[in-house]
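So, here's a batch of structures to check.
Consider the two complexes below, in which subunit A is the common component and subunit B and subunit C are the respective partners.
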Partner chain A sequence: MPLHRTTSNPRTVSPSIVRLRAALAYTAFALTRAVLAYTAIIFTLQADPILAQAASESGWFNADRTQALVLGVILTGAILLYVVLAASGRPLFIRKIAGLETVEEAVGRATEMGKPILYVPGLNDMDEVQTIASMNLLGHLATIIAGYDSRLHVPVRKSLVMSVARETVQQSYLSAGRPDAYQEDDIHYVSDAQFAYAAAVDGIIVRERPAACFYLGGFYAESLILAETGNSIGAIQIAGTARPPQLPFFVAACDYTLIGEELFAASAYLSKEPRMLGSLKGQDAGKGIAIVFILAGSALATLESITGSETVREVSEIVLWLFR
Partner chain B sequence: MRRRIPLIITFIIGVVLVTGYFVTRGPFNTLYESFSDYFAIITVFAFILGGGSLLKIHLKRVSNRSTDWPYSLVTLAGFAITLVIGLFKVGNPAGMGGEILAGGSWLRFVFDGVYNPLSATMFSLLAFFVASASYRAFRARTKEATILLSAAMVILLGRTPVGAWLTAWMPESLGFLELPNLANWIMAWPNTAGQRAIMIGIALGVIATSLRIILGIERNYLGRGE
Partner chain C sequence: MDVTLQLWIDAALTLMILSFLYRDNPFYKFAEHLFVGVSAAYLMAIGFWDHLVPNLLGKLFPSLMSGVVPGAVGRSPDYYYIIPAVFGLLLLTRLVDRWAWLSRWALAFIVGGSAGFNLPRFLDSDFIIQVQSTMIPLVVLDQSGNLLWGASFSHIVLVLGVICGLVYFFFSVEHKGVLGQVSRVGIWVLMVTFGAAFGYTVMARISLLTGRMEALGAWLATIF
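This part shows the complex of A and B:
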């Protein structure tokens, strides 16, 4: 599998990176200690009903969310650890994401054809993490587009998304040294109504015939309406969403699809910045932890049904408790 | 400073909201709702920006007689008519004090007679798009596409009375091969496993993205200039 490396050099680490590294390492260490201590307290309390009753009546902590805290701290610790490792210059291997490797090719194609690039940031507002991920990706894309001197067209469904997209794209054009090429009106509000928005975007696709269409964010029933219209004009299409029901539609109608987590990884992947790539590696470590728990849970459940052992049942219940 | 202040605000709000999720007492336990309310208020003001953008673009197209400018005229007319009859509750039987979508009001007529049929028309296009996309996806050109096609056929037939009728002759010992049972098995096991794998990946992606933003590692939304 083709891989690439982060490029930072440990001998040229700046003092701010060293300070950040120390702070993150200390935070991770402190959080890990805190969660271990807390887990021990919770198990002790759960063993004693009177203590548990007293704790629930006087405590500040919502004991129903203990599992979320334990898992959250484990995953956060894994991500922070890899961020620190990446910041220290340790080379990390990140698997290639085909859809993101093609971004520059799609922009280049649009430039050669003299056609615009359409970017659809989904239907959600800025309170949705998919939209935030989409805006981060739009920033990188706009920098590439500014370099190629192509036209970027972003119709949006929410006014706040329009404001953020305008600011993001403008800054990208500035950083690419092309502030003159930025056109505010190319990022515009269309309609809050789902199918009015879909109809407007379809109209833009059919009239302007963009060479490349990006659908990145939260999508609903309109996903296939947009993607099929883009397919009908022969545009190169890259889609990504964290809504599993829409993924098959994008897979069927688009050239590349960022499946779930790849949408969130896209900004870090394109930035090639070591700390961002470190957080991606942390995500992979999180997946590793999930796989271990799934295998352990399956093995324990199987063992319990075969042997009927009380000890296995208790261990199995602890694993189950974590995911309840 | 232009970048540092938003980063500090993001960090503080992020940490406070995460803390609020685990704390049972006020003001932490109500923070999420409060911030949601503030967000709704900001969104209402932001709509003025959106409406302004819509008007500006389409007025410019009409005044410049750009390509397809009559469509812009239709958009502007629709926007103005809906805004006026909604704001002034034109035709509302109870006047300005009545429900905004009261029966008999003009806005109700626009909603039922124009907006809903147009939305339904767009939604109904989905059936045709599903057919064309399925045709492309299910062409058995590769091993994966063949598996996809086979699974889709089993599900499609298994979810209809025809599926049950086609395999009703099977003996009870081979009941698991009946199309409805096969369809249920595909949905309950391979499909659920795949969906859960994607959901676990998404959850990890959300955590990582949130951390990157809270800790200020991801700053792209602030622009890239120093």
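This part shows the complex of A and C:
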């Protein structure tokens, strides 16, 4: 006879049904948000007299951009599909990203040396995707730093970035169980002027001599100035940007560089958060589509160039409609 | 301001900043703090008069702002702008601990709105147009049907380079075997591109240095 009286007879639910329920709930939630966002956008557009007049003259649908709509639906559909799969508990593989493995090592080194860690989130504001990715990485880094009890210094160029960075770092310290270690003043505004900001960060680097410098976000002409100064004091430097003109400088002056999309993949890689992993997988599907169309497009263009056939040109027009 | 005095200030600040090449020193610190302070204040004033006044206050209170906002005279208030004004004020709630959480609404709107607005823009410029530009013939012939070796080679390098580069950015699969080899070619393509970009940008930086040297030359000319 059982010692405790069971209140109900628990039904065993198979894990696949649990996953399916989670996936359905997530899809319903995502769709509801999309409908609400769409309603809000239409309301906003109609409320604006200039936009409403433009819409009444040319209509709400621009037929010239049908391809963009179709591609957008395909790509976002792939992303949503993988996000749903990830949310349902399906394991998603992400390859190793060089540089990210050394983040913890860099923080550990700074702790051993008793020196701070410098984090530069780029020059852009919060309307730039690179800054958003940078804030995700900052959150992850702050969690590690809180665990090691090191000091994190984040000079920023934009006031909004400062607000978001403070919020992010505070949350990270809270989740690491070290809210007392959070220092709001270590995340501070410098100046909106590009080279004034660069001069100030250079000053911080040579005076505080951080053991590790992270430059993750959107950078411009100051990238080499910052990376070279960090290099001169012997700090471990990890950089990442999606701005191609600045990548050579980071590659030359830093220990590790996240090239382009690696910056966006990094937050998914570090956090292992299902939605981010799913989104990354969906973007890979987009790259797969691009490769297939480039190969098909080049093959058809070559055939057309050699034969000069009108039929090949017509087939090419139909097959490659999506990118015309 | 007197031109000579302006030249002296210009030259002194340039030399103070360049002194950083030797090491950190009080002159550099002075120039750095001056630069940061002046630029922060200047840009705040610009932000207020060029953005806040014409784009918000001029829309909400046109009669009050008629003296400073051209075209505001006789215009009726556009109450639609109360929404961004409220969001802007919400950002300032960070200054009060008790209400600081409200600023997250404005931040969420900025981040979400930017992501949404950027999607079609980037889809066009970074995806559709890029793919479109890479769909090129690998064999290029001239009007009379002769093979153009240079153009054909260039096209083949472009198409293969783009594909190998794209493979490098595949995160879903381990870069092993054939995929690993293709990805390795991709990273080589990227490195060659970076090398070329590095050289090009260094040339541009030298022209900036030339500009500074010319300013110092003008200053020296006033002395000698």
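Criterion: the second predicted complex is superposed on the first by the 260 of 324 C-alpha atoms of A that agree within 3 Å, B and C clash if a C-alpha of one lies under 4 Å from a C-alpha of the other, contacts with A are read in each partner's own complex, and residues count from 1 in each chain.
Note that a residue touches a chain if its C-beta (ideal position, glycine included) is under 8 Å from a C-beta of that chain, and two chains touch if they have at least 3 such contacts.
Because the structure is predicted, anything quoted here is derived from the model rather than measured.
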| item | value |
| --- | --- |
| First (subunit B), second (subunit C), both or neither touched by A:Phe195 | both |
| Contacts of A:Glu104 with subunit B and subunit C, given as first, second, both or neither | neither |
| Contacts of A:Ala265 with subunit B and subunit C, given as first, second, both or neither | both |
| First (subunit B), second (subunit C), both or neither touched by A:Gly297 | second |
| Contacts of A:Trp60 with subunit B and subunit C, given as first, second, both or neither | first |
| Partner chain(s) touched by A:Asp255 [first = subunit B, second = subunit C, both, neither] | neither |
| Shared contact residues on subunit A - subunit B and subunit C | 68, 72, 75, 127, 129, 132, 160, 163-164, 167, 189-190, 192-193, 195-196, 199, 203, 207, 221, 244, 247-249, 251-252, 259-262, 265, 280, 286-287, 290 |
| Subunit B residues touching subunit A - in the complex, by the definition given at the top | 21-25, 29, 36, 39, 42-43, 46-51, 53-54, 56-57, 60, 67-68, 71, 115, 118-119, 122-123, 125-126, 129-130, 132-134, 136-137, 195, 198-202, 204-213, 215, 217-218, 220-225 |
| Complex contacts: residues of subunit A adjacent to subunit B | 24, 59-62, 65, 68-69, 72, 75-76, 79-80, 83, 125, 127, 129, 132-133, 135-136, 139-140, 143, 158-160, 162-164, 167-168, 170-172, 174-175, 185, 188-190, 192-196, 198-199, 203, 207, 221-222, 224-225, 227-228, 231, 242, 244, 247-249, 251-253, 259-265, 267-268, 271, 275-276, 279-280, 282-283, 286-287, 290 |
| List of subunit A residues in touch with subunit C within their complex | 37, 47-48, 67-68, 71-72, 75, 92-95, 97, 126-129, 132, 160, 163-164, 167, 189-193, 195-197, 199-200, 202-203, 206-207, 221, 244-245, 247-249, 251-252, 259-262, 265, 269, 280-281, 284, 286-287, 290-291, 293-298, 300-302, 304-306, 320, 323-324 |
| Partner subunit A, residues of subunit C touching it in the complex | 17, 20, 23-24, 28-29, 31-32, 35-36, 38-40, 42-44, 47, 80, 91, 94, 103-104, 107, 110-111, 113-116, 118-120, 122-124, 127-128, 130-132, 134-141, 155, 159, 162-163, 166-167, 169-175, 190-191, 193-195, 197-198, 201, 205 |
